[in-house]
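Chain lettering (A, B, C and D) follows the sequence in which the chains are written, and residue indices restart at 1 in each chain.
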Amino acid sequence: MKKAFLSVLLCVAMCATLLVGCGNKEAAATTTTDSSATTETTDEAAETVTAPGTYDTLVVGTQVFDGVFSPLFYESAYDGQVCDMIFTSVCVLDPDGKLVDNAGHVEVKEEGGKYIYTVTLQDGLKFSDGEPVTIDDLIFAYYVYADPTYDGNSTFGTLDIEGMADYVNSAAPLWKCLMNATADNTDFANWDEDTQKKFFEEDLPTAGAAFAQEIVDYCVDAGYAADANDVSTAAGAWGFEVAEGGTAEDFFNAMVEAYGGDLLNLSNTESAGSSLFDLLDPAYTEAIELTDVNEITGIKKVDDLTCTVTFNSANISGDKLVAWQPLVPKHYYGKDFKKGDLTSVKALNNAPLGSGAYTFVSYDNNIVTLAANPGYFKGAPQIPNLKFQVVDENTKVDLILNGDIDITDPSASLEVVAQMEENADKAAYSLVDNPGYGYIGINAENVPDLNVRKGLMCLMNREPAVKSYYGELAEVIERPMTPTVAEYPRDAKPVYSYDPAKALEYFKEAGYEQKDGKLVKNGEQLVIKVGIGDASSHPSTPILTQMANDMADMGAELVVNDLQFSVLTDMVKGGELDMWVMAWGNATDCDNTQMFGSKGGSNYQHYYSDEIDALQAKILQTVDFDERAALVAEELDLIMDAAIYMPVYQRKNMEIYNATTLNIDTLPERTTTYYNYASQIEKLQMN
Amino acid sequence: MRQYIIKRVVVSFIVLFLVSILLYSIARSVPGDYVANVTGGNPNITPEMQQRMRELYGLDKGIFEGYVSWLKDALHGDLGTSFKYQKPVVEVIKSYMAPTFALAFISMVLEILLAIPLGIIAARKQYSMTDYTIVAIAIMGISLPSFFFASVLRRWLSIGLGILPISGMVTARANYQGFDLFIDYAKHFTLPIIVFVINGIGGLLRYVRTNMLEVLSADYVRTARAKGLPERKVIGKHAFRNTLIPIVTMVGGMIPSLFSGAVITEGIFSLEGLGRVALDSVYNGDIPYLMGFNMFIAVLTLIGTLISDILYAVVDPRVRY
Amino acid sequence: MEDNKELLKKNLQEQDEFEKNQVIMTPGQLVAKRFFRNKLACVGVAIIIVMSLFCIIGPFISPYGEYEIFYKDMNTGVEHRMQEELDMSQMGINVKAPISEAHWLGTDTDGRDVFTRLMYGGRISLTVGFVVVIIELIIGIFLGGLAGYYGGAVDMVIMRLVEVFYSLPFIPIMLILSSLFVGYNISPQYKIYFIMIVMGILDWAGVARTVRGQILSLREMEYMQAAESTGIKTSRKIFKHLVPNTMPIIILIATMDIGSVILYESVLSYLGVGIAWPYASWGNMANTVTDSIILKNYPNIWAPPGLLILLTVLAFNFIGDGMRDAFDPRMKR
Amino acid sequence: MTAKEQKQRLKEIKKFNAKKYKEYNKNQRRKRAPESEYVTKMADNDNIIEFDDLKTYFYTDIGTVKAVDGVSFEIKRGKTIGVVGESGCGKSVTSLSVMGLLQGPTGQVAGGSIRFNQVGKNRAVDLTKLPVKEYEKIRGNEISMIFQEPMTTLNPVFTIGDQLMECIALHNPNMKKKDIEARALETLEMVGIKRDGMLDLYPHELSGGMRQRVVIAMALSCNPQLIIADEPTTALDVTIQAQILDLLRELKDKINASIMLITHDLGVVAEMADYVVVMYAGRIVEQGTADDIFHHPAHPYTIGLMKSKPMLGEHVDRLYSIPGNVPNPINLPEHCYFKNRCEMCVDKCEGAYPELISLSETHKVSCYLRENEVKGEN
């Protein structure tokens, strides 16, 4: 009897867990549906939606959201897509990529070597909660970007705006302050003497020793040193001299000496993993207010609808940086905003509010739901509801053809185009140039010999791969810059064409010789480690296949690592690969400093050239287009000569539309890289 | 009985403890520079979070010391902060578990409801055409990877015939409420559940069949027949109750595979559940979440085994604790 | 009476002779007989033999390499091999080529011969299956044997360990371990070995549990008590007397597991943590099925690997089923 | 025999079996049949059951096993008959043939008939032709069976009461639940194990002897005309054996049913049986009253059996054992099956299988040695 009771109890318990499990979302807690009932509802649904004029919801198929729906902080393009609907920018891009007025206007004038941008807003703009839009809202965005603790995507804080540096540097993590102040500092306004003493006498040396030890361990792993105590040998391998029997601390001191006390530089250059400052107590990462600079002098409010931004130097994309910015309601986001503390702003990342065509309703079940904003300044959108649904890349076309979604962007391929043509009655598509390009990069630190790099370049057989993979949908490019940028040198000639014989010559020039079927130098075989993301469906895969084959013939080896994209990125950033296959996207100007400048954050090839740096600086300040284009061509030639980047292809992006639900005639006449359905969403209609 | 349950719970805790050691040591074997690498390039991940992870797994401490502090945190429900979601792992699990649970449990119930009768029929007609057909089809279900089935079935049912939705959890276009919403959910879950059931039923069915064969040749079945019981009752009562015993133990063991399967099925059908999040976290190097997810499944498995063991005692009077 | 005895002797001899003439079978023959009466099991054996030949001998016969790509003259449509001296400006890669005499199953998205890759892929898939099962058997038999024989504390510890490994969900654990592979910078050539080892280590619990159960019941049998009384060494007792008697069930588990390991390999490849490019495995070839364009337009790329996986796993399962029925004398009719 | 021949032979067997299985399956599918097909007449209305040239064969992979090959005998109402023989002689198969519990489709009744006298219904049926539905009414009701192994014959997951009452309820559909329980308790009392809460116990909570008593109670519960007891004591301890035998003997007088006692233990037969049938390799070699068999055994096999039985008060150096083994049951030679082990065989034994000859009205034997005796007497 007891047992019977127990079994009942257990059943109840199990049901309870089931219910709890399904509590918050009533996700199909019962068994599958009665199939007849299912089909019935399908029929009904089909009937109701095929009646003319009854589509009231536009569904856009997109990919995974991070859930950061704030124009100030979003990272993923898909989150950005949503933000574009909810927020308006002062100016936007026209089909040709030129900045044009939207909710306002921008003008620039030169005055005594300074460039003053004047931004004016239209009168009468309102946020969706009814509050009027003022210039304060734009200035608020500037201040968020410029905040010392800002960690989003925008580079606004690095611009050469009057007073910007003072503002940004007015606060810094404690360690940075201490470091800059040095041990001799006697100003204890921001921290006390004990802290300083403890930092320099205990914590820094400890962290330094840990930092050095990491290098030693690395050397041990790599076989350069015998064991973790063998600091002297490891230091030797790292290029420093430490006496026999020295400790990790000695090693660190040796490094400090070599860098003349520039610990920041030391940490960046020598790190075997952790940054020196990561090894410090987390208490040191807290921000310290250094000065009471609370304003950026270059940003001035003129009246409620006008402000000026003063640049110290010329910037070719200054207008975009100033005016292609969203209007974020200060009264909403900025309520608790203080300099140095963005948490209150970030807290609203999941509840955006703006003055765009649509307002945010909800984000659940992988769907972002938006509703039309009747007060939108360009007129209320014609489609009352807009939803962004997360869909799988592989099913995008089917979803369009099945009528589940209305607009999406599958990766363009000949088959997709063919399928679209086949279903011309049900779907339409547009092809635009992708503002980016695919390339194969070489790490100049790991492959220091220019001739080896050149040899590798000569083994890259790009044309057949790109042609067969993309057909008409992509072209082989010869310089590392996307041709959608006006400055791209369209008549550039190939620098390295596919020629295994020549490659071998280069290798021989580099000192390699073929011995017993192996290509060796100083007894070591030429082995190149290359990384590629998702190789099974990558246009560059055949290039590597051919390359591996040719290198094997020569007696060298190409080790291909097929990696997940995130891992590939990490390995490239960590400098662990000799060569990698990647692509750049979303380029809007000819500024290459990030990728090729010595201080560029994306200079993964670790090739540093003063000549290139100088050219880049010059380009950024050359306002005349032709002059600039010539400089760009020169810069790109230099990069090609260094054999660090092999541009591979520039492809087209595709957008496909559901012709049954969508009134295709209301789509933009000219869809380009810079201009698509979203650019005039308020005009879009459904059947 | 109560004593037995207490004993089982204690043993479960011991096992959980061992599982945690194992999981912890896996987390520990993540190389330090990998943490820095994976997290360093991602602007979402603050140094605090990196530090938090190092602290959590005690990468800076000795193994023992590190484990103790990790265990302490884990016992307080702190399994770390998900890199991707920037929320405590426990919270992430909570917010994504509904679809996974719905999927897993409905599939499990269906599997059991289908496998038992079919297994019995196959056993009754051993070596007959019926037997061959049932067994062959069931084994076919476990002979193809689930992603393969999912793709082909979707091609056929969703894209070809348009009977079922292609992916997602609800129809985005419609704004269903109440019961319609429920039906909409059900429609979206149908295909994933079919894939689950096809993939899971074979093992169970075969198990039922083998056990039934064994039971059918048992003396007490002959006794039941000798009593003059109609065949229906011989099978339905005497044989069935006895096959139930091993089946009950098997059901508890199904949990890990159900959740493992969720990783694939949810990914393919764009269902926002734990499995899909797990898959994403691999791509994001979100080790804290993966660890938490594994720990969560381990706990579920142990609960499942515990329930199985107790049910075992309920269905088999010979088992006395 | 004397007479009678003689006669009896003669008669008994006669009977012996008569019995010799009968169709008499050894237990092994009986098992084989029962096994081969199961039609599905016979089919299974046939499939495995064909598959093994295909994968082992195939690559020697195939004129192409595992990752050889083919070029096609864009103007003439003539196909060229990658070793030839080619005028590259005219060449495209012969991707997704249809079935032809040169490519019996066409070429894949990278312009490699599908048929050839099936052979190489099968080698990998079958190797993974066998190696993983061997590893899990070694661990499982060893630990299961110890647990079953010694019982008590040893059993307690080992069985808890078994439960621990049971509670680990295979795929999520593999997902974590794959980040480890990346973290430790394991190159693609060696990754496959690591995967095999890890799979084996994660999979032994079932074997151990079964072996233990078997040994527990065998230990009670008389012949074991007889062996006990002769005072032979313990290790000899376990691994010479007990374990061999669990062989039927072990062979059974092994057969079934090979199938499931092959499946797991394909799932891992699908998740991107399995056999890496450029190496072929049936799993990563079957992954193409998730690409809806390939699924729709190129059945010659996705269907063959799927079919081979299906047939092979099915075959191993059929064989396993047949063996179980054959070994179990209660099931005879 | 060469391998090729063997293969050929196996193939033939397979083909033959397939045919037999098909026939069997066809028959099995028939749940009902017209009465005329199975209703028959008893040769003697005093008999409860008559076996007439019963042939039960097993169609195995290596050939047809003639487990029961032309057995004829009858059981008188209220009498106990003992069926004796070595294991594998076909005695259990005979009983299973009566119950229709042969493992199909391998085991089938290949010929002959078993006529059962349904006293209550005033008719006789041929059990070998009975359709399933009719059989179910007889099994457990008019004929019941006590199996050899009490440990496994009871279903471990149901209580004693459950299993006992199930049988009663099944054959007495009009009975109320209370009455059923009362009847169950009554039968338990009959077998001497009525105790409070007995009905709620599970089999594993009982000892072997108790279980066998439960099995016996189950067999008695519906007042059967015929009880088949297949080695009811073999699996039990000696003391328990005695108790069970006492019980059976006691019951035999009480319930007025016929009992078919199958055993290899001559002692048991001597205590219980009115008539004895001795079987060897699927055939009856000798049959008669207990007195006939025990005091005047005629067949060399019976004589051998008697000799191999230890007797109290007799001193023998070594217990006698019949030389040789039971022959392989497949493709037995045409001559007397016992010939090869027989110490008394004569030249004539080489000939055809000897006919069953009557030594007296009750005593029959199948042996050439006794041919003369019959003649002599006549």
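Remarks
FYI, contacts are C-beta pairs under 8 Å (C-beta built on N, C-alpha and C of every residue); 3 or more make two chains touch, one makes a residue touch a chain.
Just so we're clear, the structure is a prediction, and the values are computed from it rather than from any experiment.
Common neighbours of chain C and chain D (chains touching each): B. The chain with its Cα centre farthest from the Cα centre of chain A is D. With centres defined as mean CA coordinates, chain C is found 24 Å away from chain B. Chain geometry summary: the mean Cα position of chain A and that of chain B are 36 Å apart. Spacing of chain A relative to chain C, judged by their CA centroids, is 45 angstrom.
Taking each chain's centre as the mean of its C-alpha atoms, chain B lies 52 Å from chain D. For chain B, the set of residues touching two or more other chains reads 38, 159, 268, 282, 285, 317. Taken residue by residue, chain A touches two or more other chains at 395, 398, 564, 567, 571, 576, whereas all remaining positions touch fewer. Of all residues in chain C, those that touch two or more other chains are 179, 182, 272, 287, 290, 292, 296, 333. The touching residues of chain B, when paired with chain A in their complex, are 1, 32-33, 36-38, 40-41, 43-44, 46-48, 50-51, 84-85, 97-99, 101-102, 105-106, 109-110, 154, 158-159, 162-163, 165-175, 180-183, 185-190, 193, 268, 270, 272, 280, 282-285, 307, 310-311, 313-314, 317. In the complex of the two chains, the chain C residues touching chain B come out as 38-40, 160-161, 163-164, 166-173, 175-180, 182-184, 259-260, 263, 266-267, 270-273, 283, 286-287, 289-290, 292, 295-296, 306, 309-310, 313-314, 317-318, 321, 324-325, 328, 330-331, 333. Touching chain B in their complex are the following residues of chain A: 2-4, 6-7, 10, 14, 18, 21-33, 37-39, 41-42, 45, 49, 55, 57, 59, 64, 66-67, 75, 151-153, 214, 218, 272-275, 277-278, 282, 285, 365-367, 385, 387, 389-392, 395, 398-399, 401-402, 404-405, 564-567, 569-571, 573-574, 576. For chain B in complex with chain D, the touching residues are 218-220, 222-231, 238, 241-242, 245, 315-318. Looking at the complex, you find that chain B touches chain C at residues 11, 14-16, 18-19, 22, 26-27, 29-31, 34, 38, 126-127, 132, 135-136, 139-140, 142-148, 151-152, 155, 159, 202, 206, 210, 213-214, 217, 253, 256-257, 259-261, 263-264, 268, 278-279, 281-282, 285, 287, 290-291, 293-294, 297-298, 301-302, 305.
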